[in-house]
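Here the chain labels run A, B, C, D, E and F in written order, and each chain numbers its own residues starting at 1.
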Amino acid sequence: MLTTAITVAFFCIAAALTLNFWRLFAGPTLPDRILALDTMAINTIALLILLGIHQNLTEYFEAALLIAMMGFIGTVALCKYLLRGDIIE
Amino acid sequence: MNVLLLVLLPLLGAMLPPLTIRFGRDVCTWAAMAVTACTLMLAAVLFIQALEGSPASMHLPWLHGIGLDLSLRMDGLAALFALLVPGIGLLVIIYARYYLSEKDPMGRLHGLLLVFMSSMLGVALSDNLILMLIFWESTSLSSFLLIGFWQHRADARQGARMALIVTGAGGLALLAGFLLLGQMAGTFRISEILAQGDHIRAHSLYVPTLMLILIGAFTKSAQFPFHFWLPKAMAAPTPISAYLHSATMVKAGVFLLARLYPVLSGTDLWFFTVSGVGLTTLLMGAYAAIFQHDLKGLLAYSTISHLGLIVLLFGLDTPLAAVAGVFHIINHATFKASLFMAAGIIDHETGTRDMRRLNGLWKYMPHTAALAMIAAAAMAGVPLLNGFLSKEMFFAETLHVHLLGPAWMLLPAAATLAGIFAVAYSARFIHDVFFNGAPRDLPRFPPHEPPRFMKIPVEILAGACLLVGILPALTVGPLLDLAATSVTGETLPPYSLAIWHGFNTPLLMSLVALGGGFAVYAMRRRLFALHERLPLAPDAAALFHAAEEALIRCARAFLHGLDNGSLQRSAALLLGVAALVMILPLAGPAISGPLPLTPIDGPSLMGALLLIAAGLLTVLWHEHRLSAIMALSVVGLLVALVFVRFSAPDLALTQLSVEVVTIMLLLLALFFIPRRHKPRSRPSGRFRDIVLSTGIGAGCGLLAWGMLTRPLDSISTFFMEQSIPGGGGANVVNVILVDFRGFDTLGEVTVLAVAAVGIFAMLDNLRLPIPAHDQDGRPWAAEPHPLILSQTTRFLLPLALLVSVFLFLRGHNAPGGGFIAGLVTAVALILQYMANGTAWTQRQWRLPFHPLIAVGVLVAAATGAASLLAGHPFLTSTFGHVSLPIVGKFELASAMLFDLGVFLTVVGVIMLILANLGKLTRRKIRPARIR
Amino acid sequence: MNHLIMIPLLLPLAAGMTNLLLVRKGIGPQRLVSVLTACGLLAATLLLLVRAETGHIDTYELGNWPAPFGIILVLDRLSALMLVLTAFLTLPVLLHACSGDDKLGRDFHVIFPLQIMGLNGAFLTGDLFNLFVFFEILLIASYCLALHGLGPERTRNALRYVVLNLIGSSLFLIALGTLYGVCGTLNMADLALKVAGSTPDQAPLLRAAGLLLLAVFGFKAAILPLFLWLPGLYAAVLPSVAALFAIMTKVGVYAILRTQSLIFTNHGPVPEAAGLLFPVALATLAAGSLCVLGSRRLRVLLAWLVIVSVGTLLAGIGLWNVAGISASLYYLPHSTLVTAGLFLLADHLARQRGPAGDVLESGPTMSRPNLLGSLFLLGAMAIAGLPPLSGFIGKLLLLNAAQAPIAAWLWPVVLGGSLIGIIALGRCGSVLFWKTQGDPLSGPPVSWLRLAPAATLLLTAVALSVMAGPVTTYTDAAAEQLLAPDSYINAVLGRGTP
Amino acid sequence: MLSEALISLFLLIGGAFALIGSIGLARLPDLFTRLHGPTKATTLGVGGILIASVLHFSGQEHALSLHELLITLFLFATAPVSAYLIARSALHLRGPDGPKDDS
Amino acid sequence: MEALAALIIAVLIGCGTYLTLCARTFSVVLGLSLMSYAVNLFLFFSGRLVTGAPPLATNIGATADPLPQALVLTAIVIGFGMTAFVVILALRALGELGTDQVDGEDEKP
Amino acid sequence: MKRWLPQPMFSLFLLLIWLLLVNSAAPGQIVLGALLAVTIPLFTIRFWPDQPCMRRPLTLIVYLAVFFWDIVVANLTVARLILGPTGRLRPAFIRLPLDLKNDFAITLLAHTISLTPGTVSAQVAEDRRSLLIHVLDLDDEALLVNRIKQRYEAPLKEIFPC
């Protein structure tokens, strides 16, 4: 049962990532793309955790944590660029 | 040893004149003369030793491995030159004292003359081919400096360079020839090679060797077709011409022929080449000499002609011809030196050397005229003078050549013709200058006799001409005998040095030459007119010059075509080569290995496709730069996923954190980089790019495929086994980084440190225009630091630091480590900068980044060096378990200290880069020029 | 295990970092640290040379991990030679830089020792990936040094240099990855064994990796199609930096020599790489010579001469016999030191010539023409290969090393190159020193003290030729050691392997 | 068995919400509406999977494994900021007229 | 999976190359970054594809090869340093030369 | 006390986080966590000069409970909206007047709004008097504003009075 659930979840996340990528590609505006990127990062966290459950490994936790942090910072930087041009003023 | 001294004396003495010149010109001259005189005396002593049958020699190993040794030997031929070179040199030095004007640097002249003398003596005395070549090239070089003595004159510079290039090229050919000769003989020792004549003549490499050596000799001796540099070298001051072109430099070529005579001569090839070239040069030089209007030009061509004569004599390949050749070397040295000096006196006193203006000087300088007449008569081969004797021998030898068969008459006829020319130009030298009416608008008028001492050298030389001419056997007999013997390498057939051999064919030829010569001279006006009307023979010097210019133009075109400053071209070349070397070896059917493939699952396939799409998107969007950055960061994210997918959590962590810093960097840079749309101009360029990209991609892909489908037997099991017992950590990747291969990591932080320092330097004083609005012309948002962001970051910073400590501490046993921890800390701090601004953040706390970096690297290095104290190799790690109450047992490892160094460096580096880059916009901005 | 081998790496690292701490303390203390370091390096490397001279191959197991697993430093005759050369080059260049170049930025004395560390590391390491790391150290340091003093020309050329080297590094990693992917090891001695014992199945991959490595190192050494980065860069950077860079191409040559002689030997399963070397070298030599002739600036000309010397060096190595490699090893220090000396001298000349700079056109008379002229003559003779200086002896050794069929290719190119060198340098000297006009520029004439570094470097040409006997004995031995890599492999893997 | 069912449930919920969020991102008509999907649904989706992970590893090792909560905390702290900034940039890009009701 | 891995590398390297050959510094930087990702992947793959077994000494059984991972880590860091350097150098070039063109062709206005 | 432990509540929070991170409550970890929880604020306090004064921790807990419940509800609502026909959505911007003065409290409110049903905070006005909110499907503006003010702003005002 668990295996099936994991597989289904995998496909959900994979589909989500693909949709995000589609949004990234399609835009149309830059904030759209940033949003897509941000969402992608969040979905990636889900993917990592899922992988951890799947392989029964806890080693991916730090990676997930780091994506949460770094994804956020990346988004901040991109938005800051759009808003102010200079991200570190 | 004395032989070595003979070479070293002038070489070391060469330093005297430049040093003594400050005490006056006379002191300088005396110094040079003293050196030369000592050399001459030493040479005389050695000559007497050689006469007594015990030639001096020496042998010092130098580069013994390939047979290059300092071997000198004073045999007869060497003795001849050893006497001539300093002898004439002494006279030239005296003469030069009066010839040079006040402003000419005499110290340099004398110094160079001595250097030249030394090299020339070296050539003569060398008993090693390579050693001889060394001296040979030094004569070329010092003659270059001598010819260019009047450096302000364009013709001097050009003449000097031409001499250098021609003789230098000859020297290189000679080097090749010598090497071949050495390979054939198995030694470079000349005395040993000379004994192997038969072996070498029979060797298959004889022909190329001979040709190469002859090129060397002919260029040096100004033989046709390499003769053209010699007249151009007349731009040198006359003492130099007198020295170089009578007794020394140009004689080096014929010396070489004489030196290698026993080895190389005796074949048809030798005969035809050497005598052919000699004869051509003889006639051509003599003919051209008649038509020169410049005194020195006349002498130059006559020199060429006489050298041709000597070469011809050696080419005739009979022992007596060789004797005649050696004899003529002596004679030519004496009369040509005195003629040059006389020409110099005339030039010096009248200010011109043009024979069309110089007339009737007899009236003004009878003494000089008398001397010049003696010398010129010797050159023409008038009886009672030395020139007559050797010319007589030459005529005699031309009659004994049998190789030409029925055409044997040609050679004597040509010789007589050359004799006629010689008489004609000698007559012209005398008659045109000293008689033939009155001088015409001389720059200096009236001319008078030169200073007493200026004439002394000429007198000595003219005296020698006479003396040798009248009493040949007494004066030069023994020297000639000795020299000629060592040339032919065998006992000479009987010959007699006498003025009178009775009425015979040579005498007849001499008489014909004399009579014909005067006749030709008498007809000179008509001949000049005829010569003018002759289709101009190509001027070899001009051709050479044109060739040189063309070569340089060609080189410049090549250079320009090669490098247009384009980064793309160099990159394309590099990548093209890489693509070739990757694809060519792999372009076979055997690229797939035997390993079974792992199955593909859906999410992985999707991930891979997304990764590929993101890569392509980056390319597609590279003009929309922000989007491209986003696509790039998707690539980074997915690459991190790949790392996770294939069991590399550490890599994923690193990749993710590096990724975000990279993105920030790119964004910071993007702010300044102007955005313009410019379509690529050349579709061919784009085509090239696509081909190249495909090639490189395909190459790498093939490599990866080939690699992945083959089994791997790696050394990693050792790391897996040793990680805990040897390194004290369970995270093998981290243990490798800080322990097994900690040295790599030390290098890596060094790279980071240097990069940061370099970046700091680049940002120094960097002025960039600050865009006031974004790419679509919209002004920037007014609020610099959104409230929500800055409030949130205050809360996030402690959290991030906690995470960083966490990653640092557990790195040894689980994914993490100093590097990642450092990145997290740095990024968290940078977030403060982003949310609150540089000014605010630095007000709160100012981190000294530079020292932080230095301390970080030093901590890492010192941790490594600490093991040296214990006698272990650098970076030997140690660890142990410590127990504390409550806390329990925990592990302490030296590797953690090392990791701390890494941590500090990383924090310092990233902060230094980003914070300073951020500061760029806070500077006072001057509008910069942006095209 | 002798810890002396660490000195060439640790000393400059410590010096660089100390100077980084001293950055705000002014230039004086930094200079002191740098100069002391350079002296220390010279002493240490000479001691190492004495050790290596015996023929014993020293190994040093970093972290006390045995051979194919940990990183090993290896000191053989070649490494010792390169170390001494580097140290010997460093000191005069540093002293020259201390007369003003180092004040153009704050960090010269930080970067400079690290550059030396990178070089030394590349010469000592016995591990391929570690070689990559040291390459990166020396590259990043060289980027910084290249940019030192800034200015548009430097920036333009440095940008090209940096980008190309980044591509080069990527290719290096690909080659490295392939080698690891096939052989499963990174230690060069171990790689040699693995490559020698490879199956035919692995051959195509090894071949690609070997050729790729050759291309990468060839790029660093500046061989024919890949040398475009060099002339502009060397002409644009500060003279003292250009002088130091004289050894940068030699690192590429060293790496080619090391990897090809050890791993991809010409009698091994992957002979292509070694075979390609010779024609490429000749082509480089020919093209470089032509460009020497076409140069309009002295420093560009010198830069092309660097390329010519690379061609010459690789031609000798490409012969793959003791005599050829020995000739190259003799030629290597000669060309490095003399080119460096000429670069420094060019600096003095350009200063004397004021606005004319180093452009090969008529300029003002120099204030000490005889002194400068003699030094230039010395350098030009040495680099053009005129006897009796080291350039001639190097070429002589090289020509002598070629046997009949191959000599027909080598001799004309080398001799022709020499001729072109003579023509170009003759023109150059004649323009610089003879074709002058006007009085010397005002300003102090160049002093002996300032000329000393350049003069020292140029005079090594004399020293090398006088000492040709002992030097060639050493290089012969080094070449023999290289061509019989078993001793190297045994020394490295002597223990720790079953 | 029960725990397994629970884990599966949370996994499915998480996956579903993550997908829904992304569908929203792809489907909704303009940026501001799209913003709602990821900020809420995706966050919860990840939350679901994280809870599943907590349950899974706690069950595995018979000790509470709560560190996944940290990620949730992080997301809750950051997702609104991201959304806020993205919205703000969109408003900024839309022009100086300020916010208008979108049609 | 191996084919996918090779394909990823081929495409990324190809894209990186193409961008590197563009005439502007920004594209060059992008290209170099892409290339370095791909190269890191290549180096990583030289330890082969192992799923679900991170190289921890506590893990029992076969794990992924740790050595290439360590190498890639070093390579990532060095690559970062180099990228940072080249980014700033591009800025410097912009400041000094007033252009971000690098194809040497449009130097003349 | 104030000097060595500037943020006692926050330090406690950090200790908790640390234990979460290391995923263990071993005594060693508690000691280490406590150490970090004390030292890190000593350093980071520089970056948090405008500390909110916090009262009534109990209200905070209630607030958090409401908040989490709303998140779940919000997600269901949004899921329905997303999956339903998009044409029927009535997206709109509304302006929420702010009574809160404290920056941190405003931030918390904005967070809450973003994470709860159908609303995303989009801009804090420069004078910090109002908050621009985007609503996915707007029914009644006044009702929504009221709801937010009562449900979230009021408790926040209690927790952070200054």
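We adopt the following convention: a contact is a pair of C-beta atoms (placed from the backbone, for glycine too) under 8 Å apart; a residue touches a chain by one contact, two chains touch by 3 or more.
Keep in mind the model is a prediction, meaning the values are calculated, not measured.
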{"item": "Number of hops, chain A to chain E, where each hop joins two touching chains", "value": "1"}
{"item": "Comparison of C-E and A-B by number of C-beta pairs in contact, larger one", "value": "A-B"}
{"item": "Far-end chain from chain A, centres as C-alpha averages", "value": "B"}
{"item": "Whole-Å gap between the CA centroids of chain B and chain D", "value": "70"}
{"item": "Centre-of-Cα separation between chain F and chain D, whole angstrom", "value": "16"}
{"item": "Whole-Å gap separating chain C and chain D, where each centre is the average of the chain's CA atoms", "value": "57"}
{"item": "Chain centre separation in whole Å, for chain F relative to chain C (CA means)", "value": "62"}
{"item": "Where chain C touches two or more other chains, by residue", "value": "129, 133, 136, 140, 143, 147, 150, 156, 159-160, 163, 167, 174, 177-178, 180-181, 186"}
{"item": "Chain E, residues touching no fewer than two other chains", "value": "20, 25, 28, 40, 42, 45-48, 51-52, 54, 56, 67, 71, 74, 78, 81-83, 85, 89-90, 92, 102"}
{"item": "Residues within chain A bordering two or more other chains", "value": "10-11, 13, 17, 30, 34, 58-59, 65, 69, 76, 80, 82-83"}
{"item": "Chain D contact footprint on chain A (complex, rising order)", "value": "1-2, 4-6, 8-13, 15-17, 19-20, 22-23, 29-32, 34-36, 38-39, 42-43, 45-46, 49-50, 52-53, 56, 58, 61, 64-65, 68-69, 72, 75-76, 79-80, 82-83"}
{"item": "Residues of chain A that touch chain B when the two form their complex", "value": "10-11, 13-14, 17-18, 21, 24-25, 27, 30, 33-34, 37, 40-41, 44, 47-48, 51, 59-60, 62-63, 65-67, 69-70, 73-74, 76-78, 80-89"}
{"item": "Residue numbers on chain E that touch chain C, as the complex places them", "value": "20, 25, 28, 32, 35-36, 39-40, 42-43, 45-48, 67-68, 71, 74-75, 78, 81-83, 85-86, 89-90, 92-93, 96-97, 102"}
{"item": "Sites on chain F touched by chain B in the complex", "value": "10, 14, 17-18, 21-22, 26-28, 31-32, 36, 40-41, 43-44, 46-49, 103-104, 106-107, 110-111, 121, 124, 126, 128"}
{"item": "Complex contact set, residues of chain B against chain A", "value": "602-603, 606-607, 610, 613-614, 617, 626-627, 629-631, 633-634, 637, 640-641, 644-645, 649, 652-653, 656-657, 659-660, 663-664, 667-668, 670-671, 770-771, 774, 780-781, 783-784, 786, 789, 800, 803, 807, 814-816, 820, 824, 827-828, 830-831, 833-835, 837-838, 914-915, 917-918, 921-922"}
